[in-house]
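Right after this note come the structures.
In what comes next, subunit A is part of two complexes: it sits with subunit B in the first one and with subunit C in the second one.
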Partner chain A sequence: MKLESTLKSTLENYGFIFPAVLIFSLFYIYPFVQIFHLSFFDWDGIVPFKDAVPVGWGNFKEIFSQDPTWWQATRNAGFITVIALTFQNILAFLLALACDREIRMKNFYCLTFFIPVVLSEIVVGMTWRFLINDFDGANVVNRMLGALSLSHLAHHWLFDPRTALTTVALVHCWKGFGWGFLIFLAGLQTIPRELYEAARVDGASAWETFRNITVPLIMPVMGLVAILTVLGTMQIFALIIGLVGGEFAGHTSVPVLRILASMQGSSRFGYACAQGMTFGMILVTLSFFQYRLARRARV
Partner chain B sequence: MSGAAAVTSNTYYKAKRAALNVAIHLFLVGVAITCLYPLLWMVSSSLKTQQTIFTDISLMPHPAHFENYIDAWRTGGFGRYFLNSIFYTVSVVVGILLIASLAGYAFSRFRFRGRTVLFIMFIAAMMIPVPGSFVALSVLLNKLHLRNTPLGYILCMINVGLPMSIFLIKTFFDTMPREIEDAARIDGCSKIGMWRHVALPLARPVLAVVVVFNALNVWNEYLLALIVFHDKNLMPLQRALMVFRGEFLTNYPLLMAGLTITALPIIIVYLAMQKHIVRGVTAVFG
Partner chain C sequence: MRHLRNILGGWVIGALLVGCGEVPKGTAGPGAPADKKIVVWHWMADRQDALQELAKRYEAETGVKIVFELFAPSDAYSQKVRAAAQARVLPDIFGILGEKRDFAAFIKAGCVANLTPAMEADNRAWENLLLEKAVAINEFKAGNPYGVEPGIYGVPIDFMTIEMLYNKKLFKELGLDPDRPPATFQEFVEMGDALKVKKMQGLVSGWAEEWLIGCFALNYAFNIMGKDKVLATFRGDVPYTDPGWIEVFSLFQEMRESGVLAEGVVTMVNKTAEQLFANGKAVFAFNGSWCVNVYQGMNPALDYGVMLPPAASDENPMSIWGNASSFMVNARSKNKEEAVAFLQWLSRRDQQAYLAQRTSNLPANKECLGEISPLLAQFADDVELTTHPNLWGVSEFPLVSETLARGLQSIVIGEKTPEQVAAEVQKVKERELLKKRK
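Up next, the complex of A and B:
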């Protein structure tokens, strides 16, 4: 009787987590294991897998020695990430500082800054493309340049190889700064007001207060935002599809678009998996070093 | 310090603070306009015609061509895609609510073998990026004959939302005192009964966060929609927008109407549920 009820209870416990574990094993763990496995094969994804050709480390050798387009894509994503880390995060931090005080319309600002975040990459990309690229009459940036008598600089920002990637990066910052803003603001609001009060009583200037109270206490949050920015930005791709339409002969190609091209364009599933693995390792390495840096900064 | 000096320095500080305030507001308003202008532009363009959209740069087009929306809804097919998106979003969110609340509750309350390992597995999935997994996922969907089916897409998207949702729900229950359930247990309530009648009502705040984040995520998702669907009639809005742009490259008013149809529901949900989003961000990153 006792044994029976324990057994029933145990089965009940597993019953609660069974649906979650089942879906997770099937759609997360299995593909996870599969990319390791597939990346050692030459397979077009069409013929039965038993006819796939095992190539050992061949796919990886190709990535590292014969695929400049892959590294160009990685550099492009790196470039966008550097802009996001600096421009976007500094902007987000300044806005959060501005809102971390008694200020009118605070709710309106908080509400507005997060709107670009909740919109999809496709919507943002298509709207901005329309705003800054497609029509001379409607191109808002060109109109502003015209008003500043700089109309010789006006052009189709996304269809010029020299400006396409930077334009993508700036639109990405526009879409993403709300995240950093919200996290920074939440972080700033956890700093006890008494600390500022005490500093003021001791005669500290605004800059000294900022330098010696705000910055050290917000450092962990900065580390977190930096890691999220890198992981999010390196994997950018849908925004580029919405904005540019595709890789633009490599000028706006990024790793995820390369993986998609290997898979859907050239039907090389094994190679696509090897690219995915390589990219995953790059991301894990990057976040590991950032984590180390953030921890050192905290001490 | 004498009284007069204190007053002067007081007015000086007041003036300085007022100037600083104006500068800060200018900065904030500038950024806010940059956030809103593209959206206003999108909506106003959707009310223009093929001819005026090239030349008319006003935000209030006159006359406003609301019939663009009827065209987009019917001939553009956005009515169908809209309903697809609604169907996928609701199915995925309901699925996640059910599965994640069961699991999150069990991880928090029950003791069983493998509990810690399994929970860490979900957490690890939240942290480790697997950028190429969609390749293997598409192979799997082919094998299961779930390619190009709503069910395949819904299951994939439930999986995407599970780890974060389980994490949120589990940590929420960890902060809840167990005494609340003890009364129900003494009354002879079964485990599933406690989940249903005690835990779920208690968890409403965290479930709201789970709903908002997953709804936004499914509605805006593009990559898996690209992998799973090739039949136009099954596509959600994000995917259909790209197909529409490919087919009707120059029909900008209809495209802008389609964009507005896609963006508006999400903005409404966001405005209505903003406090849950802020709470969610604080719960995860705070």
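Up next, the complex of A and C:
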């Protein structure tokens, strides 16, 4: 009787999780396995898959030994990620610190900082292109520099290969800092106020309070934001299309644009899958190390 | 137990609901009813209204319902058609975007019907209606390198040429005769000084898109070296480091140095370039004949002329690209005959004239060329000069084309010399040739 009841209960429990497992398997695990499988073939995505030519590790070998454009794209994405990890997250953290205090119009600021996040990347890219460019735009940046008597710094920010990627990175930071801001703010609000009051009673300065209470307690949140920033930034591409139309002779090339080029430009689906797998492994490795680092910092 | 029954019951109902869902429209797979309804997939947003109107007329005439389903933009459409080919759910009629090898892959996958018998019936009545170049785009000749059975596999519905355009008003401001655009490349680059003085932007085009900058370069490759030498390069018989190619690449350097190119031309997608030219912010554009419709929508008052890219050499005639928007019939469709009949109807004079008038595209039907607007007629005048990679019977490796386009972009932004680009392209070419031989 007891056994029957346990069996029923187990079946019921499995019944509840079955839909989620099914959906996850169907839409995540199966495509992942398929992509991995496809990455060992030379296939144009049109002829029946049975006619695809198996190439073994050939696609991966090509990525690692014969495709400098791929690694240039990865370096470019890495550069944007470094800017996002530093500039974007510091900005987000400082703004979250400011909004964690009792200031006027706090909700308005929170809303305003989050607006860029919900905008489409293409729209943000095209809007900033218009704001930055001169003859086909409003030339706002150069005008501001002129107003600040810094007109000698005026520049074709997006057309110059030396500044295009940095400009892309800064626009990406503008678009993305709202996420970090929101998560940091939520993290800051979970720190018990009593700790700050106790520190104040003990005569701790603002800097000591920040260093000894805020930073250690916000560290897990920083780790989370850092992982999300890396994952989000490395996959950037639509913003680049909006800003500079594409890879700009390789200067704004990023891995997702390379994968798209392999699929759509060259009809090399197998190679694109191998690039996708390689890119996925890079992201998993980065996230793993970040996680370890964040855990060590917490300890 | 009741909980378990409820869960299982829920699953059964769910499965039944999913199972009773509507079969995707347009599928011609097993079990699809062979009724009088033809489904057409296409990517041409600007033609959708006109095509739907024609569908209504066709249904009124024949009782056969035609459903035009639009999937834009073209990149998304291209992926959809490929996925549908894999899943064998292509509609009765569809278009194929991409290069000739992609077209060939669809044919070899059994997705495209050979229309040669219908084209050749009644003394080639259908084929003779259409522009030869437009038909040739859809034709595979005997001995083609793709191994496709010779024949005509698509029906062109309109034709486009890619040429240069110039703004007549800005020409006047530059003190130039608006009816006499530069005839030689030298005259063209010499305009750079005048453009700088007047602080005007020169040539705009979507050169962030690799195919368009590649197209411009190949026009000049044909002009400087001739078709045979260009195709010999594709076959691997002539290197990209040949002086002829260096001369072609040097034209981009000349354009950059003379200031005849608009700022940031290699960061422009074609839509941006179209907006700039339509708003009178650039003197020249390099664009396809579809632009007549685009500029009409953006700035109806724009006064512009059409010109061939100014020749850089007298050795060979200037060639420009011409391509057709075409429809293919699904070889597995149960409505194949009806689909062919509809495309024959669509090729006829009345329908073609209506399409040309509504969409400002060059008609594929020769008989209608006399009925098009004067602007479109300027494009039509150069149809005989057109060529296209789909006509060459040999194609360049995609990676080589990509390296070439990137190299040209690098020349335009002044970071590489023509010689450096030539060497890089040749290196990739040799690697691809080696891979092919293996």
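What we mean here is this: the second predicted complex is superposed on the first by the 268 of 299 C-alpha atoms of A that agree within 3 Å, B and C clash if a C-alpha of one lies under 4 Å from a C-alpha of the other, contacts with A are read in each partner's own complex, and residues count from 1 in each chain.
Methods note: a residue touches a chain if its C-beta (ideal position, glycine included) is under 8 Å from a C-beta of that chain, and two chains touch if they have at least 3 such contacts.
The model shown is predicted, which means the values in this text are computed figures rather than measured ones.
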Joint occupancy of subunit A by subunit B and subunit C, clash or fit: clash
Partner chain in contact with A:V55 - subunit B first, subunit C second, else both or neither: neither
Partner chain(s) touched by A:T190 [first = subunit B, second = subunit C, both, neither]: first
Partner chain(s) touched by A:I80 [first = subunit B, second = subunit C, both, neither]: neither
Most subunit A residues touched (candidates subunit B, subunit C): B
First, second, both or neither for A:V47, with subunit B first and subunit C second: second
Partner chain in contact with A:A20 - subunit B first, subunit C second, else both or neither: first
Which superposed partner A:T112 touches (first subunit B, second subunit C, both, neither): first
Which of subunit B and subunit C A:L170 touches, first, second, both or neither: neither
Contacts of A:E12 with subunit B and subunit C, given as first, second, both or neither: both
Partner chain in contact with A:A261 - subunit B first, subunit C second, else both or neither: second
21-29, 57-65 or 75-83: stretch of subunit C that collides with subunit B: 75-83
Touching both subunit C and subunit B, counted on subunit A across the two superposed complexes: 12, 16, 45, 134-135, 241
Residue ranges of subunit C in contact with subunit A within the complex: 1, 3-4, 7-8, 75, 78-79, 82, 85-86, 98-99, 101-102, 105-106, 108-109, 111, 201, 206, 208-210, 262-264, 266-269, 272, 275-276, 281, 398-399, 402, 406, 409-410, 413, 415, 431
Complex interface listing, subunit A residues touching subunit B: 9-10, 12-14, 16-17, 19-21, 23-24, 26-32, 34-35, 38, 45, 91, 94-95, 98-99, 103-105, 108-116, 118-124, 126-128, 130-131, 134-135, 137-138, 140, 143, 174, 182-183, 186-187, 190, 221, 224, 231, 235, 237-238, 241-242, 255-256, 259-260, 263, 269, 272-273, 275-277, 279-280, 283-284
Subunit A - residues contacting subunit C, complex: 8, 11-12, 15-16, 44-49, 66, 69, 133-136, 156, 158-161, 164, 241, 243-250, 261, 264-268
Residue ranges of subunit B in contact with subunit A within the complex: 21, 24-25, 27-28, 31-32, 34-39, 41-42, 45, 53-55, 57, 98-100, 102-103, 105-107, 110-112, 118, 121-122, 125, 128-140, 155-156, 158-159, 162-163, 166, 191-192, 195, 216, 219-223, 226, 238, 241-242, 245, 252, 255-256, 259, 262-263, 266-267, 270-271, 274, 277-278, 281-282, 285-286
